[in-house]
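We call the chains A, B, C and D, going by the order they appear; numbering starts again at 1 in every chain.
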Amino acid sequence: MGVDLAISIGSVRLKNPVTLASGCCGYGLDMEPHLDLNRLGGVFLKGLSMAGSEGNRPPRIWETGGGMINAIGLQNVGVAPFLREKAPKLRGYDTAFVANFYGHTVDQYVEAARALGEEPCLAALEMNISCPNIQEGGIQFGTDPASVYKVTKACRDATSKPLWVKLSPNAADVTATAKAAEDAGADALTCINTMPAMAIDVEKREFRISNKIGGLSGPALKPIAVRIVYQVSKVVSIPVVGIGGICTAADALEFVLAGARAVQVGTALFVDPQCPYAILAGMEDYCLRHGFPSVESLVGQMRDGAPMPKCHE
Amino acid sequence: MGVDLAISIGSVRLKNPVTLASGCCGYGLDMEPHLDLNRLGGVFLKGLSMAGSEGNRPPRIWETGGGMINAIGLQNVGVAPFLREKAPKLRGYDTAFVANFYGHTVDQYVEAARALGEEPCLAALEMNISCPNIQEGGIQFGTDPASVYKVTKACRDATSKPLWVKLSPNAADVTATAKAAEDAGADALTCINTMPAMAIDVEKREFRISNKIGGLSGPALKPIAVRIVYQVSKVVSIPVVGIGGICTAADALEFVLAGARAVQVGTALFVDPQCPYAILAGMEDYCLRHGFPSVESLVGQMRDGAPMPKCHE
Amino acid sequence: MGVNPFTVLSNVRRGPYCTLTLRGEVAPSEPGQFYMLRGEWGADPLLPRPLSILGEDASAGTIRFLLKVVGKGTQRLYELEPGQRVTGLGPLGRPFPREVFPKDRPAVLVGGGVGVPPLVFLAEALRREGSAFTFLQGARTAEDLLCMEELGVLGVSPVVTTEDGSSGEKGLVTAPLERSLSKGSSAAYACGPEGMLKAVARMCSGKTQSHLSLEARMGCGYGVCLGCVVAVNRDGRRVYERVCQEGPVFDGEVILWE
Amino acid sequence: MGVNPFTVLSNVRRGPYCTLTLRGEVAPSEPGQFYMLRGEWGADPLLPRPLSILGEDASAGTIRFLLKVVGKGTQRLYELEPGQRVTGLGPLGRPFPREVFPKDRPAVLVGGGVGVPPLVFLAEALRREGSAFTFLQGARTAEDLLCMEELGVLGVSPVVTTEDGSSGEKGLVTAPLERSLSKGSSAAYACGPEGMLKAVARMCSGKTQSHLSLEARMGCGYGVCLGCVVAVNRDGRRVYERVCQEGPVFDGEVILWE
């Protein structure tokens, strides 16, 4: 008897819990020479905005201890060119494509959600709320529960597609932003996006990336992400998708045990584009070894279900 | 001509910018067999509370990618026993000792500040505000500007010792908590404390540390810390002390170039208790090679002083 | 004492175990003490790992460890090749107290798994000092018996138990321990899995002094991080003490197993 | 194409440079293409590093790279010993276009520093195909001249310039390039420091086609992260293109140096 790998994220059924993270697999198509998309549970496409973006000046990336910083500047072709040129090529695949989108005003989010919501090849939409809100002094939408509620609600009303909100780890209390997204009608939550970070070339006294600040991803982020998945899945009743530094099956299992129903693989794809195969195989093997009939039956199954901790150090 | 290593943090003069981080050098004395405290700019003692704390149940630590998680539970002897038994042994050293302290209510902070403020061997007090405020639903003081203002102001009024506030990276906008601390009368800011984090033993389906959540420290944290030092030193006019993942002179210099006047070394002491010597020597050598007459003259000296960045990814 | 540079002289692997011999400036140490060791492998893993001293020759400048691969750190140490560099902080911790037992009766040494190496070092010291002892070693299978050659060189024939009976007596090491204690051992010295240590403490309690070397995850190894604590009873109060500093050897009567 | 496992066949070090020969299943590649390489050193550093192919023998299953130590990743590759395992993703990127130049006039190959290896691979192909070319190599000192032996084996005598005059002509490689271009080169192929590439582009502009292989920090190496972009002029519009996918070889006319 095999393990049942399929998992539902609200109304969206994923054939398995291993998916590719937004920004780490282009529009899916560039992965094709290296990975069979049909073997994946889902593919989260590069973040799209109505106007598109040429992105930031290089250098855009820098490796740090256990991770990397990126400041791509959300380079993307724009929603309309995506729908016209890329989306048609995604039809016919047997995996769930999810469009990731963002804006700098609530209206920009709404427009993107409405337009992408019409595209049949998309199983769901993932909102990236780690963007500065230019109408509110440039503070990230995702750090403030009220802004999260407002932008999620507005997008919720603009589309009937499943709407997943990707939380920012850069909130004082991520359970508050999580609940705000749930209250506003989000169908699922993705935890988490990158942490703002910086690196300096001391010999040149220059910033390692031209934008100065970028997002930290990779293994360095994993313990923060697992903690957030755990905290968030305790306070919401919508599904949580885990992401942050996942490289191996054991990493993915940490997220699932902490409460995630599916996982996304980002930075690890740069190390090995086929690592999702090994992650999936390892998860299946784990279920067999530990007597879990399905991935579903593993979600949140820590041995010790005791209350939330308080103080540390 | 040598390099002038001395640096002032407000009214406190450090003979050099390299200090030991709170919680990573005990009460200073345990370092003695391994490190000559007199060669350091300063020593930040293990966090103290009025009542003391027996700390959390083991296991208390776990290593993660590029870092470690700890949940010591702020085990400490308590302020009065510290003053009675430890402090006398610190007299006669030629370095600046700073007592780190915390509470779970504003009153507990104030009491500790008042009592420690009387001790002559202490050059300053460092407030750890990454603690849950049990009167406000257990949210960390350090994540909310209003709480930061309140607790800092209360301590400010309770002691005439230099009062340094150690910021939590877990704030939606750390420049806001930084300004709140400055407005309330802090003499300096330490950036940063650990990030809440979690790790899971998937084979056992158990949390790696008994408290479930602990604080992430080490190189993984460095790019987050450098970013915060940069952001904070742009918005406050009091001195900033940098900390987070510093292992080498190049790491320390990143913080100084980002705006820190001194640095603290924490987790790296566990790898090599004498690494502060190499860090200091490397900073001195750097000043010589780059023609800086003093560490002071290096603070914040990035080549490119352009405005703050906006969007990333 | 800062971290000392060592060079790998040899690394002899047998299954998941290896015996690592390092050369460098070796400070004199006592049985039960340990080193924090790390190779030049960058930051993955970052922290050094505690290993008990198996033996040392301070005049020749060599020191030996025996380890079992259980994770990343031990894997890296296992892969070390002769000539590679290793840094070590040590010797650390309080040794097995040897002055304490009545010399008219033999002591009993109880080792299991990677708890055996420090007891071999202890056996060597007791031999040198002319103190009598019995050496008990428990293992899962004959494959897991450790340091049999070293013990042979010392002229020690350990009483062996294996869980599957593939060598020595079938069963747990508690059976021969029971016999030793009933014959009136002067003191028990033990290192090994927690279950074994608990049993030793229980069996000795109130009758024979027991000195148990504990394991704990360590951050610093020298007393500053408070990461390695164990709950003990001191004068009726339950307190956390540091395995790296107050230990790793504790009196079996004070440990609060939880 | 996933990452392929290779074994280090040899690693010949000279000063900060080394020539790394790997054995494995080598897919046929073209000069100008590169691999993303990484050893089994854990997560420090995490990302693989791009290296141009110096030469390959697909039938023997070997592939060669030449690298200079500039940081952690190249240091780790430099330390690899025969027998150790390496993973490689490749060949990646667009090669130097070889079909494009008028065969009646010689091409000119301009290499500096670690830009030399891909040009050696190109020279080998041009030789095989019977296309004439001149090979220019600029270096700081005689010590920094690369691949002179490989070039000798190919029967190529490079025109050499060194900044300190310790070998060949004293000065920059632009001087012999000027002469080549004035004699009417059909095309220039260049790889090396940005300053050199800029000069080549400028000197060729409007006269001779130039094909420049660029460097950029890379995340993935296969087009998905958008980390490696360079600004180019496409049909009058300034756009960012990926060095790993649209490059690393770009037409010198389109690059917007900024």
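Quick note on the criterion: a contact is a pair of C-beta atoms (placed from the backbone, for glycine too) under 8 Å apart; a residue touches a chain by one contact, two chains touch by 3 or more.
From a predicted model like this one, the values you see are computed outputs, not experimental measurements.
Student: Would you pick out the chains that touch subunit A and also touch subunit D?
Tutor: Looking at subunit D and subunit A together, the chains touching each of them are B, C.
Student: Does A-C or B-C have more contacting C-beta pairs?
Tutor: B-C
Student: Counting only Cα atoms for the centres, state how far subunit C is from subunit D in Å.
Tutor: Those two chain centres are 54 Å apart.
Student: Could you grab the centroid distance between subunit A and subunit C? Build each centroid from C-alpha atoms only and quote it in angstrom.
Tutor: So the centroids are 46 Å from each other.
Student: Taking each chain's centre as the mean position of its Cα atoms, how many Å separate subunit A from subunit B?
Tutor: The mean C-alpha positions of subunit A and subunit B differ by 32 Å.
Student: Once you find the CA centre of subunit B and the CA centre of subunit C, what distance in Å lies between them?
Tutor: Chain centres of subunit B and subunit C, defined by C-alpha means, are spaced 36 Å apart.
Student: Show the residues in subunit C shared as contacts by 2 or more other chains, in ascending order.
Tutor: Answer for subunit C, listing residues that touch two or more other chains: 43-45.
Student: Please set out, as single numbers or ranges, the residues of subunit B touching at least two other chains.
Tutor: 23, 65-67, 70, 72, 218-219, in rising order.
Student: Determine the shape of the graph in which chains are vertices and touching pairs are edges (line, ring, star, complete, other).
Tutor: Chain contacts: complete, every pair touches.
Student: Which residues of subunit A touch subunit C in the complex?
Tutor: The touching residues are 65-66.
Student: Residues of subunit A touching subunit B in their complex?
Tutor: My answer: residues 23, 47, 56, 64-67, 69-74, 104, 128, 130-132, 138-140, 143-144, 170-173, 193-200, 202, 204-207, 211-216, 218-224, 226-227, 230, 245, 250, 253-254, 257-258, 286, 301-304, 306, 308-313.
Student: Tell me, which parts of subunit D touch subunit A in their complex?
Tutor: Residues in contact with subunit A: 1-3, 38, 43-48, 87, 89, 216-231, 238-240, 245, 258.
Student: Okay, in this complex, where on subunit D does subunit C touch?
Tutor: 41-45, 72, 76
Student: Applying the document's contact rule, which stretches of subunit D touch subunit B when the two form their complex?
Tutor: For this pair, the touching residues of subunit D are 43-44.
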